[in-house]
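Chain nomenclature is as follows: A, B, C and D, assigned in order of appearance, with residue numbering initiated at 1 for each chain independently.
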Amino acid sequence: GQPLMLIAGPCVLQDEDTSMRIAEVLAAINQSDQVNVVFKASFDKANRTSAAAKRGPGLEQGVEMLRRIGQASGLPVTTDVHLPTQCGVAAEVCSILQIPAFLARQTDLVVAAAETGRPVNVKKGQFMAPEDMRHVVAKATGAGDGGVLLCERGTFFGYGRLVNDMAGLVTMRNMGVPVVFDATHSVQRPGGLGDATGGNREMVEPLARAAVSVGIDALFFETHPQPERSPSDGPNMIPLDQFRPLIDRLLRLRQCVNELASIR
Amino acid sequence: GQPLMLIAGPCVLQDEDTSMRIAEVLAAINQSDQVNVVFKASFDKANRTSAAAKRGPGLEQGVEMLRRIGQASGLPVTTDVHLPTQCGVAAEVCSILQIPAFLARQTDLVVAAAETGRPVNVKKGQFMAPEDMRHVVAKATGAGDGGVLLCERGTFFGYGRLVNDMAGLVTMRNMGVPVVFDATHSVQRPGGLGDATGGNREMVEPLARAAVSVGIDALFFETHPQPERSPSDGPNMIPLDQFRPLIDRLLRLRQCVNELASIR
Amino acid sequence: GQPLMLIAGPCVLQDEDTSMRIAEVLAAINQSDQVNVVFKASFDKANRTSAAAKRGPGLEQGVEMLRRIGQASGLPVTTDVHLPTQCGVAAEVCSILQIPAFLARQTDLVVAAAETGRPVNVKKGQFMAPEDMRHVVAKATGAGDGGVLLCERGTFFGYGRLVNDMAGLVTMRNMGVPVVFDATHSVQRPGGLGDATGGNREMVEPLARAAVSVGIDALFFETHPQPERSPSDGPNMIPLDQFRPLIDRLLRLRQCVNELASIR
Amino acid sequence: GQPLMLIAGPCVLQDEDTSMRIAEVLAAINQSDQVNVVFKASFDKANRTSAAAKRGPGLEQGVEMLRRIGQASGLPVTTDVHLPTQCGVAAEVCSILQIPAFLARQTDLVVAAAETGRPVNVKKGQFMAPEDMRHVVAKATGAGDGGVLLCERGTFFGYGRLVNDMAGLVTMRNMGVPVVFDATHSVQRPGGLGDATGGNREMVEPLARAAVSVGIDALFFETHPQPERSPSDGPNMIPLDQFRPLIDRLLRLRQCVNELASIR
């Protein structure tokens, strides 16, 4: 089977030391030929719950940090873009551009990202049916040849809750594009901390296992040496020292899943 | 009681004749001192389901059309903005700026709109709890003095469906801001037409009545002389020749609701 | 217009004094020719969250209490049935039989209730679409001539929350049957108190107003002189001393709604 | 690890030949020491969408059929009960009693089933949070020593749709009881066929794999030699000739999942 793509990182670009430390662990994981690791971090958290929340270093500085992290670690990098004008700059450094879930329906953003020629990883809106992502695929493939990935990160399930419709992974993969499962955002509890988004880290592995068993091409995780110190998403992040064995279990599971096809 | 604000128009700016004809009907309704009408049309449908769908005249041309429509009809005008850079231009002509529901969490857009000094009408995201709109109010009031309005236009309720949580109108009004009920988008069926969004026009009046009874400050409708010819949102629009009596019924109902407070 | 049916009472039959006191207030309201009051109380709470919670006096004793309350107050009475075998006994005293929402799909119960010849008031299951209640109507009308009422009491909206789809009231009324809006159960928060169901009393009137404006035939409320002492449903009940003015406001609103049809 | 319990059968008891044929295939699967098969069929479909739909042979005749099927196949049998009075008769033949999802909150039914001393398999109501099933566990364990199983069969996700919250499997298993995943009912589309429930068979295996990976104790399937001829649930059933390899794949997957614990 194909190697699993693993998109991972610290959520937002914070101090460069922390990011480098995370990239180092990811580069070690990347030694395995079962996996292709892409380092991911945001240069701007453009939709924080509260205006007072920290956002990140911004486009120019963030892209430079990503470049240095990529060079030091040898890993390809990716980031999320929020405006059409950001796509070109980000594409100079990133091997994939990511479209946030809230922005999955913004035609100009999807088109601008695709026009860079980079593959575009679009997160399914929390307000969208998996079936309706085919229109997003068409928008991107009509604008560029870099390819599209679709990412499941949870669907609205009553106020403050998300649910993963695992059948939707099949629906999206049937569109002929690689499918990503974002395991750490899926356990978010929007508004769960009052002024910020909560989360439930202990469900990350069960959900990732479920997605691997259903059949996916990539997994997405946020990880941090001290999640409780992360400027965002702490409650749903995987502590860095638990990351390697988690990935090892998921790769072992995926290998098994790939072999199931022979049982007829 | 305060007059009802009525935000209405043809959805997207199409040929200027159609828009003028709609504005004429609205200007006649505006003669009543029970109501303050604001003409609304989009210069760009930036999140159409399909890339092939028509989008509108664009910012420059659209704002000019709005200026002419406002001058000819004597009505204030409003439009929706999708990027921070659009806010300044739109604010030259518009007396209110509208933030689309999908973009309700984009901090920079809310801030840029508020910084123009115009009131900002933010549609609650289909993926948000009414309670969580308080953070949006804080973002806007922290950036400008024009004021904020919050608009209910439906919440995700399973694939392809929205529901109006009428209790959420109370929750948002308790934040001390005027609340708008968007009656025609609330009956949309996302993806309901396969390649486009469907709708159910017959539910518009029942839902508008419900919202008026719960207590709101403004109503939002799309109307068109021939809804089936509208470039978007046809299935949920009110035919223009039915618009005046609909508003008359809702104003009569609102008057009654205002009087209920005296029954103790 | 037709008088409004008002189904009201203390939820469960507790001490007879409390029930009589509630029935007295209801009988006074019944003097108006705008309203037909039916006293409602349960003889058994058959689906309490916890096994330790109080359930009520049971069928035989409960029906006798209902008979005495009906005689003393001059009001017709109704109760909810949980098993087919309870229908005959309940129908001796009750002028309407009520089917709980959880049991709306139990064919034998609906049929047994309808076979008594009494009208059957079926609450829409929290797990059902309004459209699907037509099958329940068919089950009942196929079994008895007493008629059917359909009651909206909220639909599942994420764990621990209900939402009222007000458009569903129109859908059900279009089936040609009277529609009831259960305002106090609609504000329940299932599991909201950990070991019991919570609620949000302040949303009862807004939702009842919304339903009246959309168009309904009956309203359902639970009321109690001291809601905090009620063995169940306390958090969502209307205090008895606030009940009369609430009903007066809703009747005034309904009168206004009836007159709207003349505005064309 | 423990053998997987496999609860399977033809949904409703129809002609005895068909049931025997299914039981024969199941008995062959039961030869494996990785699995404990229990034959399941209903004697009555007590909550069909339509009153005109076929229901089954009834309690007495159904229990006799189950006895003969159990004797012929050597398999333990189970069935679902709808009224407290049915539990005793069903328990004479059945080694497990099943409580339907719609009836998960009916205290007397859960208690009567538990009082037989048989294990009770309670399906989580489509309207219930996984957390709230702990109250059902308490009701059952307070009434009998046979034990409780909790079964996930989908949660309401908008009209006509269910979703499986795979994280809920963890929540329920953390209550210390075995958890069952009902793969074929989870793909139902309530009301999806207008007068009957639809379904989407192709999602059965992906969802079953997901559940196995998350960690469960039992799987539940409906299977039939000719699903399109089944009196109910045809669209979601597994064709009998595809059943054995499906189970083989899931057992292989489960073995792998059990081994993951050693990767630390």
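Just so we're on the same page, a contact is a pair of C-beta atoms (placed from the backbone, for glycine too) under 8 Å apart; a residue touches a chain by one contact, two chains touch by 3 or more.
The structure displayed is predicted, hence computed values, not measured ones.
Common neighbours of chain A and chain B under the contact definition above: C, D.
Chain centres here are means of the Cα atoms, and by that rule the chain farthest away from chain A is C. If you average the CA atoms of chain C and of chain D, the two centres end up 33 Å from each other. Note: centroid distance chain A to chain C, computed from Cα atoms, is 48 Å. Averaged C-alpha coordinates give centres for chain B and chain C that are 36 Å from one another. In chain C, the residues that touch at least two other chains are 155, 157, 159-160. The part of chain B that touches chain C in the complex is made up of residues 155, 157, 163-167, 169-170, 187, 200, 202-203, 206-207, 209-215, 245, 248-249, 252-253, 256-257, 259-260, 263-264. Contact residues on chain D toward chain C in their complex (touch as defined above): 46-51, 55, 82-84, 102-103, 105-108, 111, 125-132, 135, 138-139, 142-143, 155-156, 159-160, 190-191, 195. Taken together, the chain D residues at the contact with chain B in this complex read 157-161.
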